[in-house]
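Paired with chain B in one complex and with chain C in the other, chain A is shared by the two complexes that follow.
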Partner chain A sequence: MTEEPDFLGQDSDGGSEEVVLTPAELIERLEQAWMNEKFAPELLESKPEIVECVMEQLEHMEENVRRAKREDLKVSIHQMEMERIRYVLSSYLRCRLMKIEKFFPHVLEKEKTRRDGEPSSLSPEELAFTREFMANTETYLKNVALKHMPPNLQKVDLFRAVPKPDLDSYVFLRVRERQENILVEPDTDEQGDYVIDLEKGSQHLIRYKTIAPLVASGAVQLI
Partner chain B sequence: MLRKGGQSRSGASSPGQGSVLLSGTAAALARALGASANGNPQEDGLRQVLEEMKALYEQNQSDVNEAKSGGRSDLIPTIKFRHCSLLRNRRCTVAYLYDRLLRIRALRWEYGSILPNALRFHMSAEEMEWFNNYKKSLATYMRSLGGREGLDITQDMKPPKSLYIERQGLTVSTGMNLTIIAVISNSWAEAIHLSLVRCLKDYGEFEVDDGTSVLLKKNSQHFLPRWKCEQLIRQGVLEHILS
Partner chain C sequence: MSEAYFRVESGALGSEENFLSLDDILMSHEKLPVRMETAMPRLGAFFLERSGGAETDNAVPQGLALLPRLECSGVIWLTVVLTSQAQVILPSQPPAWLRLQGSKLELPLWLAKGLFDNKRRILSVELPKIYQEGWRTVFSADANVVDLHKIGPHFYGFGSQLLHFDSPENADISQSLLQTFIGRFRRIMDSSQNAYNEDTSALVARLDEMERGLFQTGQKGLNDFQCWEKGQASQITVSTLVQNYKKRKFTDMED
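Right after this comes the complex of A and B.
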């Protein structure tokens, strides 16, 4: 993914409140978030700033394309770039929706028990979507089956019925910032806990639970 | 999601009664999930399971009363067994219904907001209502993305990867010409935004990017922006010719 070619007179920065990002950096952030989301077993922190900025970027590009018509080559290249960005963004959001739908009671519970100041895994719109999904499904099950069942069985606790994300699943990662003294709990009881260091640039296959906080902080990248 | 019922552990008879095939129907329901992709909702099967549950519950109620007042503690194992059957029936039923919902959900992503009639036929009224609520919820979410009209994330399902075909000076006469030109173009430009598609059925007017519209008649061929025709390709109206 290259930077915006200059000749269309593009001058934008997809900046958030604190940091000013070049378009290239923004897209890199998007791709990182996308890959992390794809390979993590649970729903990760929501990144509304990235989504907003990328959408802005796409709108910018569309404007420029519309203005600079008929110059086929530049237009084609920009349209191709737009398609690619749109694909990555859509794929990222789809991945999140899929996880939301798959783990909806747990996602909602996590949001309910979240403390103020802790980052949320759901954007406000995703939260609304999740609540609607839960209500829709509960209503359906109640009307079609549960209300016809014996009185003591009419409540199904979806939180217990729907499986949780498997945080013990293994993931591949690349280390971006050196980490020391990561405590690893082995699978079998015979081995004791041991401690490892993660060198910058190294790649590992490790249980997700061990490094979950490092994904959130950006110290490692799932691949 | 809720794990399927698995093999039937039925066939046991409760003491003092004729043999009752417990949970057999429920397990059959769950097994029906594996069989058909989008069959009709097994309304009969569902009803049978619910009736069986009612019967089991009533038997249990009377036995519980007997056990308490008549001191018949020998009935307790049977009561427990029936309760387990009830729980299992509920689990199979809910698993079956939920799995159907997941398949219906997949239909929204495959076919778009409007389902082909053949599929609608296989859905119960409540399932249809669930589907409508789901697609409304999804639409609200998609519209909220970004500043303006939102982003339709049911598009762009595949990474862009088609051939670049020069728009001007190309006469579309036979497939042969196109192959040659495509091979030449491909070698220097991987950039793509147009696909060659053939129309499989009469569709009518279709608007493209610059405001012009194209008449999609059966067997006509067009160069169309790839992302615009994705959904039509999925619905079977257009067919991608070169890829």
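Right after this comes the complex of A and C.
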């Protein structure tokens, strides 16, 4: 996957970030974001810079492929690589959409109560989508069922009805940076809280709630 | 193979059931033996049907099952009163006007949960037999031979929700549920991963609903993998949501 095409020697420069990434690093970041999103029980931060950069890269690669001579092997290998990157990107976006559809009242609530400094978990398009989805669901429920019910029963509180993301579910993770003093709360009442250190390169099965901030900062990778 | 439609899964094994989950609605309709602590004037006719009259089971419960879903438990009383008054018209019910204190009934779980209060003014719940000492020792002896479908198709879900009723045996019940599942899990995983293209009814007959769901997930994973190996994974197939639609004839559309 890290095949670098000869005529794509430049580094990519995202719009809002100062760090210059090689295309290989960009794809690696995309894959990490993709895996984290797939295995996390809740919607993670949106990464608009990665998505934009990858789209740019794909366009460059398409142009280059069109310009190149019709040498079958090189062109078809690059086309395969483009297909793979496109699949990863669309799978990442699909996973986010699925989580938005599943937890839409909670996602909207989180967005409303978010303070200004914190990063958003929804891109602007996703926010518009969520709002429309909620409006459509409410209208649908009202027209199909609720307006035929007795008047005092005509409200459904979607925030309470739709299940919350289960932050207590267990996830597998691999540690990328050494962490110390992670407080682990026990399942049963008999064990007390205890503190563990995470060694670099080790793999664990742990509750998502305990390591959620580490996933956001990139110190661990969900597998 | 991505799904066209995501069902709301059962939350019964967690802290609280999911409002929109069909599995939870079915599960909480199972009956629970209960003892009334306060008298309930004029609700005797309603509750008499609930304690297991055969022919009356269809009339009230279905509609009543849906109503509490729409509001918090405060309104259950209102719906109970409304429907009981509707029922009083039926001539075949013996008029048991006053429900005396201490009488035993069988209520569905959702009703029992709604009426249960920590100060125990209204109900006191007795555990069903399968969650009591006798059956717990059976499960600890060998969990694999028990027919969980027969003794209660929602064994795990119902048992997990029973823990809400603050019985002194809660710790034992939860341990027993956990150990039963651990004992049975290996066989389920094994059989679901190795039964390809076969009739699985014999394997699934003794499993309860949650285990059946697990079995089906395993089967689906196996089928998807075999599909991928044969190279059929990228074939576009008809979505399950529209598979049953018949083709409209041109002549029909002209009407």
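Convention: the second predicted complex is superposed on the first by the 211 of 223 C-alpha atoms of A that agree within 3 Å, B and C clash if a C-alpha of one lies under 4 Å from a C-alpha of the other, contacts with A are read in each partner's own complex, and residues count from 1 in each chain.
FYI, contacts are C-beta pairs under 8 Å (C-beta built on N, C-alpha and C of every residue); 3 or more make two chains touch, one makes a residue touch a chain.
Computed from a predicted structure; not experimentally measured.
Peer 1: Applying the document's definition of touch, where does A:52 land relative to chain B and chain C: first, second, both, or neither?
Peer 2: A:52 sits against chain B, while chain C stays out of touch.
Peer 1: In the superposed arrangement, which partner chain does A:217 touch: chain B (first), chain C (second), both, or neither?
Peer 2: Neither: A:217 stays clear of chain B and chain C.
Peer 1: Once the structures are superposed on A, label A:149 by its partner contacts, choosing first (chain B), second (chain C), both or neither.
Peer 2: Both partners, chain B and chain C.
Peer 1: Examine A:161 and indicate which partner it touches, taking first as chain B and second as chain C; both and neither are also allowed.
Peer 2: In the superposition, A:161 contacts both chain B and chain C.
Peer 1: Give one of first, second, both or neither to describe whether A:203 is in contact with chain B, with chain C, with both, or with none.
Peer 2: neither
Peer 1: Counting only touches as set out at the top, which of chain B and chain C does A:93 meet: first, second, both, neither?
Peer 2: It touches chain B, and chain C stays clear.
Peer 1: What's your read, chain B or chain C touching more residues of chain A?
Peer 2: It is B that touches the greater number of chain A residues.
Peer 1: Regarding the shared-chain residue A:72, is it in contact with chain B (first), chain C (second), both, or neither?
Peer 2: It touches chain B, and chain C stays clear.
Peer 1: Share the list of chain A residues that count as touching for chain B in one structure and for chain C in the other.
Peer 2: Chain A residues touching both partners: 94, 101-102, 149, 152-153, 156, 161-163.
Peer 1: Mind pulling up the chain A residues that touch chain B in the complex?
Peer 2: Residues in contact with chain B: 51-52, 55-56, 58-59, 69, 72, 76-77, 79-80, 83-84, 86-87, 89-91, 93-94, 97, 101-102, 125-126, 128-129, 132-133, 136-137, 140-141, 143-146, 148-150, 152-153, 156, 161-163.
Peer 1: Give every residue of chain A touching chain C within the complex, in rising order.
Peer 2: 94, 98, 101-102, 149, 152-153, 155-156, 160-163, 166
Peer 1: In the complex of these two chains, what residues of chain C are touching chain A?
Peer 2: 2, 6, 8, 11, 14, 18-21, 67, 70-71, 75, 78
Peer 1: Going by the contact rule set out above, which residues of chain B touch chain A in the complex?
Peer 2: For this pair, the touching residues of chain B are 1-2, 46, 50, 53-54, 56-57, 86-87, 90, 93-94, 97-98, 101, 105, 124, 126-127, 129-130, 133-134, 137-138, 140-141, 144-148, 151, 153, 155-160, 164, 167, 189, 191-193, 210, 225-227.
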